[in-house]
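I have a structure here, written as structure tokens, and I will follow up with some questions on it.
Per-chain residue numbering starts at 1, and chain names A, B, C and D are given in the order in which the chains are listed.
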Amino acid sequence: MAHKNKIYQSPDAAVADIPDRATILFGGFGGAGFPNNLIQALARRGVRQLKIISNNCGTGDGEAGILFKNRQVRSVIAAFPGPGAKYFQEQFDAGEIELELVPQGILCERMRAFGAGIPAFYSPVGVGTEVARGKEERTIRGRRYILEEALGGDFAFIRAQQADALGNLVFRKAARNFNPVMATAAKTTIVEVEEIVPVGSLDPERIVTPSIFVDRIVRAQGLRYV
Amino acid sequence: MSKPRLTREQIAARAALELPDGAYVNLGWGIPNLIAAYVPADVTIYFHCETGILGMGPRAKPGEEDFDLVDAMKVPVTLIPGAAYFSQVDAHVMTRGGHLDICILGGLQVSEKGDLANWRVPGARGAGGIGGAMDISVGAQRLIVTMEHTAKDGSPKIVQTCSYPLTAIECVNTVITDLAVIDVTPEGLALREVAPGFTPEEVQTLTGAPLHYRGSIPSMALRT
Amino acid sequence: MAHKNKIYQSPDAAVADIPDRATILFGGFGGAGFPNNLIQALARRGVRQLKIISNNCGTGDGEAGILFKNRQVRSVIAAFPGPGAKYFQEQFDAGEIELELVPQGILCERMRAFGAGIPAFYSPVGVGTEVARGKEERTIRGRRYILEEALGGDFAFIRAQQADALGNLVFRKAARNFNPVMATAAKTTIVEVEEIVPVGSLDPERIVTPSIFVDRIVRAQGLRYV
Amino acid sequence: MSKPRLTREQIAARAALELPDGAYVNLGWGIPNLIAAYVPADVTIYFHCETGILGMGPRAKPGEEDFDLVDAMKVPVTLIPGAAYFSQVDAHVMTRGGHLDICILGGLQVSEKGDLANWRVPGARGAGGIGGAMDISVGAQRLIVTMEHTAKDGSPKIVQTCSYPLTAIECVNTVITDLAVIDVTPEGLALREVAPGFTPEEVQTLTGAPLHYRGSIPSMALRT
């Protein structure tokens, strides 16, 4: 078996096999660390009926917004879709799109559980609120908890500052956010990076996402913030 | 009730007095977002942000913004010495795991048991959004809510039972409003301070649950 | 309230309030990253009936071995006590000490859950083995899992390479191991470090354990490997 | 049965052939610990170690040891280019989470269903120790066990049901011994190769569960 080449020549090539109805995790938060090149490539590819898992639902055409504008999304799991998510909000108000609202820390933790081989865990977050609806409740050592299930995807789209050719990643400042955990929680993780550096040039102490979690690497072509 | 109440800035200034030197603190949206500006110069607070920052400093100066260094509202910020970056997962290990000393959130309603509703107005259009508020509310060692004492229609926001969708149950320790500082205790709501010019009885009238108080209640401490 | 000073002048000062019957987590694995100065100080302090949570049970007098030699330990949770843990093994064979054997990854994960506010989680590890004895079993999406509970302590003893005065920590190579997770899972975390550096001198991207998880800092006085 | 079986080194050499270029691999104690030396020079394997290393290289040369850079047996090792350090927690996110392509462990017994017993001999003194074997066994995408085909007393180590304490159930994909390569399949144990000089029937005699095989079974591939 030849050593697998993880580097793709374009965002379009990196997403070329994504089918309709795929479940995709999108990194990014607060405008930083969004995989905008991959999202745009997915919009060009035109697949439909996607299920997306993301903190928010884009701002106007930006971030994941373009996928809603193009009506490529059937279902969303998010913590804060956002008032700027114009196309999502229109389709949500029209009853055209499914939404599961999840507390932000639980959104992270459910993906972390998936990546860590944990199928479900008890959580104190959302007890006694709408979030608990339909979930098993259990009292442990005198406190109430609800059962939360692991959450993973077919693909993760993430953004990092640098990758080596193996897929070791470092992130920049608060652009780290959801990206490392999503890399662990998808069958295929695709990263867009500012820069691809030689293997061995990243400090092993500084690597945040080891290469084992990364399947495809592509150089970002601008679109750092949109 | 045309007497002047505290401004949002004055609520923030009063809340800033609750932050001891060296505390690890998360501030939510709305009035809480005004508080950092009122922390005295001789007090160092390590502000936590869900974007993966501990030791967040003031907003970046114009021309010095870095859009990879932002708060949860996309505002470019700065770091103070000793700050650290981490992932969103670890940001919420800190919230849910009980590691933050004090969190201050905005509120729509607070019940006498300390239930908080702050993420959605019933009947509002759109999907709403929970963000990090639920994680923060259940995990904070001490949760302070800052808000106006009454809604725009004059109805009390401090109530016996919240009618709005809950953020978390039995989580609030203290409410700081434009009229009072109120602690949530096992015996109910304890009135600690009142706004200058207001009596405990006037505050009670504008509150939807019984307030406990005895003797003279001090005025809300405000820096000039 | 005065800004809390986390720096202690000696290992003995850093452990001076630890009582009998305390539950203590000890970092270290494979000979690296053991808080040997703190362990020695605890041996000098002479407290008894300790419950310790550690990957292993020392090698001869080294690492946690001295505490067993001194008969200071009543109960252990460990993944691999180790054939070199002479004093532990003698007391175990004599029925004088309690042991809960835990798979190494689950030992980590239970402490991580404690630090993360998760009271319990389902795990695939140990299903159908001795480890599952007495634990709730549950089938989720067709696979068998057992329920594991969070595990924390009164104190964590850890070792790092550098700390600043706030308690931000960086580790060195494989000496990182159990140390970061234990810092999150105890009421009071005490770290011994090679070096205390000025606040602001650690790269915020390189910090592994943020200061919020550290309560006491002391300079190691040798004893890096024992 | 005095015919020479494979040596431990030969078992390791055969097992090394199961590792494709670029694979992420964890090797356990015993025979597995001999395998890395037999990986061909044109194949790069990213060895994972529970001490928090991905990309572990050979043992450090005398005089160049760093005792902060060790494997799970405290042996000072090296890194290959592209290696990374991480915590024990993340080391086991990799094991339990199913991220490792291949893991190779030693074995005391393997059942025809692929159950593995490898951490404790019943009746042995001392507390025993699980280490990372259970986490690795349940999580490996492909689990290979390398061991002698029979115990010191001649009894089979490949059995219908393990009598020793289990490490994990239904986890083993392939067993490589001094007599054979055997795959665990839904239909039972499939004999893939036999050691040079042995017939399938001879191997079956030394195996405690039925082996499936048809036609001629190739000899175990060994480099010279």
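One rule holds in what follows: a residue touches a chain if its C-beta (ideal position, glycine included) is under 8 Å from a C-beta of that chain, and two chains touch if they have at least 3 such contacts.
Here the structure is a predicted model, which means the values were calculated and not measured.
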| message | I want to compare two interfaces, A-D and A-B. Which one has more contacting C-beta pairs? | response | A-B
| Whole-Å separation of chain centres (CA-atom averages), chain A against chain D | 35
| message | Centroid from C-alpha atoms only, then distance chain C to chain D, rounded to Å. What do you get? | response | 30
| Averaged-CA centre spacing for the pair chain D and chain B, given as whole angstrom | 56
| field | Interface hub residues of chain B, defined as touching at least two other chains | value | 85-86, 92, 96, 138-139
| Which residues belonging to chain A are in contact with no fewer than two other chains? | 109, 116-118, 123-124, 171-173, 205
| Which of the chains touch, listed as pairs? | A-B, A-C, A-D, B-C, C-D
| note | In their shared complex, chain A is touched by residues of chain C numbered 109, 113, 116-124, 140-141, 143, 145, 149, 170-173, 205-206
| note | Per the touch rule, the chain A residues reaching chain B in their complex are 29-33, 55-56, 78-83, 88-89, 92-93, 99, 101-106, 108-109, 112, 123-131, 171-181, 208, 224-225
| remark: Note: in the complex, chain D contacts chain C through residues 49-53, 66-74, 85-89, 91-92, 95-96, 115, 125-135, 138-139, 165-169
| Parts of chain A lying in touch with chain D, wherever the complex brings them together | 1-4, 114-118, 164, 166, 168, 184, 199-200, 202, 204-205, 207, 210-213
| message | Applying the document's contact rule, which stretches of chain D touch chain A when the two form their complex? | response | 20-22, 24, 44, 46, 48, 54-55, 79, 81-86, 90, 92-94, 96-100, 138-139
